[in-house]
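Every chain is named by a letter (A, B and C) in the order it is written, and numbering of its residues begins at 1.
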Amino acid sequence: MGFGKFLERVLHLVPVLLGVSVIVFIMMALTPGDPVQIMIGDQAITPEQESALRRDLGLDRPMLERFFVFVGNAVQGDFGESFYHRRPVSEVIAERLPATIELSLVALIFALVTSIPLGVLAAIRKNSIFDRIATVISLLGVSLPGFWFGILLLMLFAVHLNILPVAGRIGYASEIAPITHFLLIDTLLRGRPDAFLDALSHIVLPAITLGLPMTAILMRVTRSSMLEVLQQDYVTFAEAKGLSRRRVLFRHALKNALIPTVSVAAIETGSLLGGNMIVETVFGWPGLGRLVVESIFLRNYPLVQAAVLLYAVTYVLLNFFADILYTVLNPKVKL
Amino acid sequence: MTNVAEISRPPETIFQQNLRNFMGNRLAVASTAVVFLFILLAIFAPLIAPHDPNTTDLFRRLQPPAWVEGGEWSYLLGCDQLGRDILSRIIYGARISIFIGAAVILVATTIGIIAGLSAGYLRGWVDVVISRLVDILLGFPYLIFAIGLMAMMGPGLINIILALAYKEWVIPCRVVRGETLATREQEYVEAARALGASRKHIMIKEILPNILSPVVVVSTIRMAHVIILEASLSFLGLGVQPPTASWGSMVSDGRAFILESWWVSTFPGLAILLLVLAINVAGQGLRDAFDPRFHE
Amino acid sequence: MSALLDVKGLRTVFETRAGTVCAVDGVDVEVRRGECLGIVGESGSGKSVTFASVMGLVRSPGRIDAGEILFDGRDLRKLSQKELRAVRGRDIAMTMQDALTALNPALTVGVQLAEVLEAHDETLPRGRRARTRAIRERSAEILGLVGIPSPDSRLSQYPHEFSGGMRQRIMIAIALACRPKLLIADEPTTALDVTIQAQVLELISDIRAKLGMSVVLITHDLGVVAEHCDRVMVMYAGQVVEEGPTTEVIGSPSHPYTRGLLGSIPRLALRGQPIHPIEGQVPDLIDLPAQCRFYSRCADRTDACLTPIAVRQVGPHRKARCILAGEDTQ
């Protein structure tokens, strides 16, 4: 991609990101309940103290000014104070973020390693048993409510069979001093394979629950793009060259068929963000998603505001990334 | 003269042809029947439900389904932690799911058609404003946007509908805009323009009827998605408030009892799956039959 | 000497929802060693499917229903997939209509050339280093042979970085990499500009002479056939309707369809005279009636044409499927 084209897309991001922050700001500005009252809670304070607090928080300024202050601070990573934790919001979020990222990545890997082989099999053996299985999974993927599927998995594997833990990221016995804050990596870095397995057993069910809808979508994309690619002249030409079936399928067909899969995967990684809230709630996963849900009930609005903005920005950037990835992967799109 | 009847039968319209295609898809027809069954359940809930959905009975607390030891046939699917009949609550819960699903789709499709037609036909600044807004709304993951709005507006039936419709209209809007862009250059539209028809007339009488079927198909399939979103909000406690029965909150209720009382979560979730699956299959059948681009 | 390729009674059908389409119906083809055979017909005449059948590249829902495909004395239909793959690309090679779609957009030209050598060339050295170098040298040599300037540096480029004519040459280079005995060129010039068309056809003729291979030139352009082919075979609706030496067939066509094709070519020499396109369309290939397939479009039809028409011998080396031509061979 030329630099001009790239710059054009980057410029396109600006109004979207600005619009997103306006909406997040309005969302919270219109939220009923006075933040000062919420902060004060049951403490008795004088009206002077109250208006001083209001001034400190900048709540006495006009709306537009407050918006620019909000955006200005947000760009510097300052989202104010978490009422509940009495600590900066950014600090609280940073603490919870690794758990969420780890879960999302494992779910992404799960989705990729299941969807691509099945999608390819469904395409090259059209109308076979694999194709049927693929159809059923893709229907279930869009029809299963994630929270219920998670509970079913818990009832089966944690309660009935009792082979996997019910909640959390790792057992007490396996807790280790963090390095990267990704437990699957830290346990290995600390040379604790037992703790690694423990962390793995905790993440399996949440990752499957989170990844299933993505599996369904990626499988459908892979199947249909593989079917399309197999019809292409270059596949026939590759066969006419007398290449092995494996080479025709994997080197010639799959390489092209995966271009849409990869870029849809990048887009769908954004959708995992929403799923995180549900899955983290079901599996007691100590990540950002659950923190947001809890914060809503605690009326901890600065945190909710920051998290929604963070999610939205990540989502926009992932879409942007998917767009770029598609162009980079596809040599046909002129550089 | 045996073939008089054959000759005098009027030729099939495209709609009839598509309908016949659809009726040939047995799975889709069966799914449509399931959807209608749920709609009937919702409408006639007071007549069908064996018990009042909100009557608590502490003696029946976590009573198992009829076929399990300790169950009884008048409480077919067992009772929840407050001794309420799960079957009756599922039947009443259908009202919430279907009402919210239908209302969101109705509102969103109406807005989406108006916005999409205007953007696609009028172009210019209208298109710029609408497309920008669509871009921005697409910048939010759906559930997170809805959660943010629910946090702001507080729980309640109308608020859920609004929270979901605020973003949902983007989808029919994009479909309509794309179709309108493709249609506005067609000869019959050009002809109407040449004859001096007003823009409103062209948009409503010439373009709209021709782009309606993809919109209907998309909206049908989206309804499945909206029902899951509503259930997810209810599951998180941001949906319809207790004691009103909704499937999502029923699954959430059962979460505390999965160790011994599996039925509390299982059956309401099954109801969601069944309805959503039926809508999806029926919607795909509609798409295959009515949207020419999907004909193989 | 026996023919290089001898196809007898080939029948290839496609199962569709509407019924069985018989795309190739009882076709006999003979390709002699070193000759260039032209296959002419409209789209849908079965000319491409015939040679896809020869290559074993008919895709589902299509299948070969009957017939023998003797290549160098071996029936290709009796070979296993593995044995057939050893023939494809090494003994029989194929080029397609448009190199833009026939070359894989995601692989470099070098990779696409190397893999065919890798698959078939037994003279390559065994050691990895030497092998890679040998493949690279051979690839550059072959690209040079088809007239790509500075071939060595262009191996690492992707197909879209070449011009249309260059791409066509690259495709031909890949097909010829293993010096096949038979090249099937399916509409090699349709996608090209007129000036480049001539160059590409010259290239094929040159290499044919150099390698002594046989060429089957599938085209709908009788002009191309007249210039490059020793013999010609005209196909219509899945059948061969006329075949013979090019000069004879073009000089005095026996079948009304061949005459129609000749009449529809705009020619400089005949400027001012009207062009006569053949009226009507190729019949639906499902449930064909047992009669002359050209009946509905034929100016000379009689009631006798409503019976099945056999191939008749017209001259010492000529055949035609028309009751008005020559005599019944049976």
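One rule holds in what follows: contacts are C-beta pairs under 8 Å (C-beta built on N, C-alpha and C of every residue); 3 or more make two chains touch, one makes a residue touch a chain.
Remember, predicted model here, so these are calculated numbers, not experimental data.
Participant: If you check the contacts of chain A and chain B, which chains show up for both?
Facilitator: Looking at chain B and chain A together, no chain touches each of them.
Participant: Which interface, named by its two chains, has the most contact pairs?
Facilitator: The chain pair sharing the largest number of C-beta contacts is A-B.
Participant: What whole-number Å value describes the gap between the mean CA coordinates of chain A and chain B?
Facilitator: 25
Participant: Report the inter-centroid distance (CA atoms only) between chain A and chain C in whole Å.
Facilitator: A distance of 53 Å separates the two centres.
Participant: Using Cα averages as centroids, what's the distance between chain B and chain C in whole Å?
Facilitator: About 54 Å, centre to centre.
Participant: Show which residues of chain A lie in contact with chain C when the two form their complex.
Facilitator: Residues 232-234, 236-245, 247, 251-252, 255-256, 259, 330-332, 334.
Participant: Spell out the part of chain A that touches chain B in their complex, as residue ranges.
Facilitator: Interface residues on chain A, with respect to chain B: 15-17, 19-20, 23-24, 27-28, 30-32, 139-140, 142-149, 151-152, 154-155, 159, 270-271, 273-275, 277-278, 281-282, 292-293, 296-297, 301, 304, 308, 311-312, 315-316, 319.
Participant: If you look only at chain B, which of its residues touch chain A in the complex?
Facilitator: 132-133, 135-145, 147-152, 154, 224-225, 228, 231-232, 235-238, 248, 251-252, 254-255, 258-259, 262, 265-266, 268-269, 272-273, 276-277, 280-281
Participant: Would you mind writing out the residues of chain C in touch with chain A in their complex?
Facilitator: 55, 57, 81, 85-90, 93-94, 96-98, 101-107, 115-116, 119-120, 158, 160, 171, 174-175
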